[in-house]
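Order of writing sets the chain letters: A, B and C. Residues in each chain are counted from 1.
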Amino acid sequence: MPVFLQFLAFLFLVVVHVESEAETFRRTLISAEKNMRTETWQVTHQELTPRAESGWSVRKITLHGGKQEGVDLVILDNGILSITVVPTRGMGILEVKGGKLRIGWESPVKEVVHPAFINLQSRGGLGWLEGFNEWLVRCGLENTGHPGTDEFINNVGEKAQMDLTLHGKIANIPASEVEVVVDREPPHRIAVRGRVDERMFYGPQLELWTEVSAIPGEYGFRVSDTLTNRGDSDSEFQLLYHVNFGAPLLEEGARFIAPIQSVAPFNAHAAEAIQTFQDYSAPTPGFVEQVYCMHLYSATDSRTTVGLVTQNRGRAVSMSFSTEELPCMTLWKNTGAIKDGYVTGLEPGTSFPYNRRIERGFGRVPKIAPGGSREFHIDFEVHSGHEKVEELGRRIEAIRAGRPTEVSVEPPKID
Amino acid sequence: MPVFLQFLAFLFLVVVHVESEAETFRRTLISAEKNMRTETWQVTHQELTPRAESGWSVRKITLHGGKQEGVDLVILDNGILSITVVPTRGMGILEVKGGKLRIGWESPVKEVVHPAFINLQSRGGLGWLEGFNEWLVRCGLENTGHPGTDEFINNVGEKAQMDLTLHGKIANIPASEVEVVVDREPPHRIAVRGRVDERMFYGPQLELWTEVSAIPGEYGFRVSDTLTNRGDSDSEFQLLYHVNFGAPLLEEGARFIAPIQSVAPFNAHAAEAIQTFQDYSAPTPGFVEQVYCMHLYSATDSRTTVGLVTQNRGRAVSMSFSTEELPCMTLWKNTGAIKDGYVTGLEPGTSFPYNRRIERGFGRVPKIAPGGSREFHIDFEVHSGHEKVEELGRRIEAIRAGRPTEVSVEPPKID
Amino acid sequence: MPVFLQFLAFLFLVVVHVESEAETFRRTLISAEKNMRTETWQVTHQELTPRAESGWSVRKITLHGGKQEGVDLVILDNGILSITVVPTRGMGILEVKGGKLRIGWESPVKEVVHPAFINLQSRGGLGWLEGFNEWLVRCGLENTGHPGTDEFINNVGEKAQMDLTLHGKIANIPASEVEVVVDREPPHRIAVRGRVDERMFYGPQLELWTEVSAIPGEYGFRVSDTLTNRGDSDSEFQLLYHVNFGAPLLEEGARFIAPIQSVAPFNAHAAEAIQTFQDYSAPTPGFVEQVYCMHLYSATDSRTTVGLVTQNRGRAVSMSFSTEELPCMTLWKNTGAIKDGYVTGLEPGTSFPYNRRIERGFGRVPKIAPGGSREFHIDFEVHSGHEKVEELGRRIEAIRAGRPTEVSVEPPKID
């Protein structure tokens, strides 16, 4: 090639390079459509955003041994927080680490269990509990609550009974598509996206695109999900974000804060402790779970914020979301013995965790039209230091705006 | 080596080569007995039948991503038709492609689902539907029909109840042995063979050798199965070939043709449309499946033929089989909305798809003696052009030989 | 590096080497904690004990094909006996081979089935039988007996019903940790150790460390298990060693020998043959299992011995264990047709194989305190030649010490 042509080619490459710098980086890690699965992979700020202030990385690894053989993990590290996503378990989030702080909990389940080892119908529909150890686990999509029977229309067009299993299937369905998306423009939002399909013949055709994203250097991140009905008829759905905190955030004297419009105990047992439902006790052997169902006040943009605050008010984690997207806030208090799982769940959802049949009776099982979508956004923030925690408290009080909380001392009547 | 010895060696190799040319080519792809599984592999006509007129190939690939991680596919291409066999799902056939024509259907289930993700007992025994998207899927072997309870003799010799699940287990059992067999003699029949075992302690010991074979350059292929009872006592069995067609073969005005001796609606809902049971409508949202149970006339060799013909009679697919091997012909019409699965099933079987308990009452649950075998052969043909389709019609009328069709307008009485 | 420093380094290495020679060899093969799994591996006496008299080896392989895809095997060969451990199936032992003798049985299940293909709830809770072909399979840990309903306390603190499945889950749980341990000191005991966890949220937190070990050149080996309650409250458990013998040890005229204190038939069917319960018949098509429940006499150290002796008294296998550790001895006679599984089970356990609800009623469901452990040791021996077999008989009679056997001709009354 003559020298001047070489020079032109060089110029062309430079131009292409500069242009692509501005484009979004996109890398498929797992794809049933493209027939691929990446065993290990990583990308760092050095490669994609060398001039950015904060370092970051995304790593893909595969787990081995025992019940976690072949489980995929994607770890998004924004320089401050390291977020471990589990594609094999419905894009749940195993844990979030920031410095010495681990956000998550100590479940009796120690492995990241591959769904092939889970039988949801085990133990009267409680098989889900054999894999439950995530910090954030989605419950749904066909049903999200307690086990029990419900009617459905079967293949011959007749009413038939099915045994709903605890918290539905989505946490035990592997993602069919997983990709990493990095914005080359500041502030360089990094996203791990995954599509989880709950589809069957003569059943739901629900497609959930999940996204966990963070901006390098920030003390927070966002979960953005889009649920689409790919079928040709209206489809019921339920979705609940089961977000679980153990020590050190959960401790004696820790407190749940939120702009509560109304609260009711889930059952008679929870009703006994309704007066202190926002406060946590130390690990208590023999403690039986207490669950509270709330509706929250929101600001004019329909967004609201809830938080879990440590005893000395020196640290908090908050979740902000839309009460239109997630109208039902469930608080799960399970302050049992340490080894049995000392944990609380802050659970915004489209429903409360009663059996779907009950929720339907209360008008809390929404439908999506054919081709329609529903979006869900939750912003998570870590608040360190008394000042930041006080600021969070003020923010929540601003949303409440002096409005009262209606407390039901009795659980709702359920037939 | 002296030159004359080299020459002798050369002669010897030539002789061996010529001899082996005449022998059948046989290659094991998967074998539990030999402790092996081939990730990818292929063979083509260039290697084995270089002088043959038609090209062909057999490829083995492995699927990755989501629910299809680790699923094996074997693709037999006879130069005209490309047949995709799924060893991991009981040697079912995912689809057949010929030129621009795809024979198969669009199920809401998009992935080739690994059996590890299927729980047949889900949804009241309808878990099978979470993986259902094959063109040809075998139903059986212990039971083939609708879910429901049936009695069996348990380990302590007592009658016990079991919940039969829809269409049995065979489609969710991976083949234990898979091999490719190519006849080096013209017409060079190419076969993909697989053994699927439905065996357990205190239960059936049914071994199914399946074979899909084709001759290069032909517009058809053959499924040949041999079912053997490897146990020491008589064994009930059921086998039904659930062969499913969507667009473009299925369309408004398409028609099912067959030399029908008798036909009865499966249930009251199907009875309402008995007058038009051979005709198909356009995709109809809310359509509930209609099922018809038939016995067919056969020629003196006991073979019969059924076909699905397009609206303009320009294309058809036919299936030919023995009414002694497969005495029960079921027609499943499911012309619902496109995205919900617009599909019809032509289903020759040893039984109709009622629950096994009901079928047994009608004397339609056969038994195999210890060590005994039953064979099943189905020839599939693609008929393109009005002339070929008319020829198919004449062939079917020749089998009917003017004999009448007995139509039941009521479904059978079932206790 | 100066020469004298090199020399010092050399000396240091020599010293370290000599010291490590005396240390125990330990190699992790599978570890969920370390995120690893070894595909294939082996170690032999040449490498670790070159000066020992007897050769030995340990090999790790992975099975492929059909339902055994991905199943791990570890084969411990002490020069006399080759013991095949199956980490993927709860550290069960598939078979033991010694010269031409194979200790094990011919199950209708031919593959070493991966738990991903097992649904324990299938067939009315008998799904366990779809993978049952091991020589030694542990039954437990939450329940060990027949299927049926039992009560448990669910997440909301209420009594709920669960369907117990035959013989529990442990045989279908893959080991989370597997290691090989070789004592470098004579007699060079070689051990294959594995940890199987039966853990869940709101359920058992039982951890079972299993160990199979042998001394090179000996005609026996030992199973040593430690069961620990990792939870924070008392935990029920059940454990039964289902040790199964077919031909050639089992044959017409073979005999079960033991220092029996009391024996009762499991049910009315077994009662019919109580008079000959220690004797075996030839393979008998249509034979229905007969089960006998025994308590054994033990020596002052609480150890006892049972044996299976061939017809000509020329060969025997014995099991020795503590009646304090394993107080319930079950004999399972299943001398049916060869192909249906001609087999007898010698089954020491903490319970008899009645449903847990029944066993609890008889006070035979023990508990472990939080953090507490229970140990179980069984010594297996192969006795070849009339002299050795007679010696075994004398050993058992010495344990009996002339004490009588109480025979119940009726099965126990069960509500």
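In this text, a residue touches a chain if its C-beta (ideal position, glycine included) is under 8 Å from a C-beta of that chain, and two chains touch if they have at least 3 such contacts.
It should be emphasised that the depicted structure is a prediction, and the values quoted were computed from it without experimental measurement.
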Checklist entry - With chains as vertices joined when they touch, what's the shape: line, ring, star, complete or other? => result complete
Next on the checklist: For chain A versus chain B, which are copies of one sequence, does the interface use mostly the same residue numbers on each side, meaning over half shared, or is it different?
Outcome noted: different
Item to check | Length of the line joining the C-alpha centres of chain A and chain C, rounded to whole Å | outcome: 42
Checklist entry - Cα centroid separation between chain A and chain B, in whole Å? => result 42
Next on the checklist: Multi-chain contacts only, two chains or more: what residues does chain C have there?
Outcome noted: 116, 119, 121
Item to check | Residue ranges of chain C in contact with chain B within the complex | outcome: 61, 63-69, 107-111, 116-117, 119, 121-124, 126, 129-130, 132-133, 266-267, 269, 285-286, 288-289, 291, 336-341
Checklist entry - Which bits of chain C are touching chain A when the two form their complex? => result 30-37, 70, 115-116, 119-121, 152, 154-157, 160-163, 173-177, 197, 199-203, 205, 230-233, 370
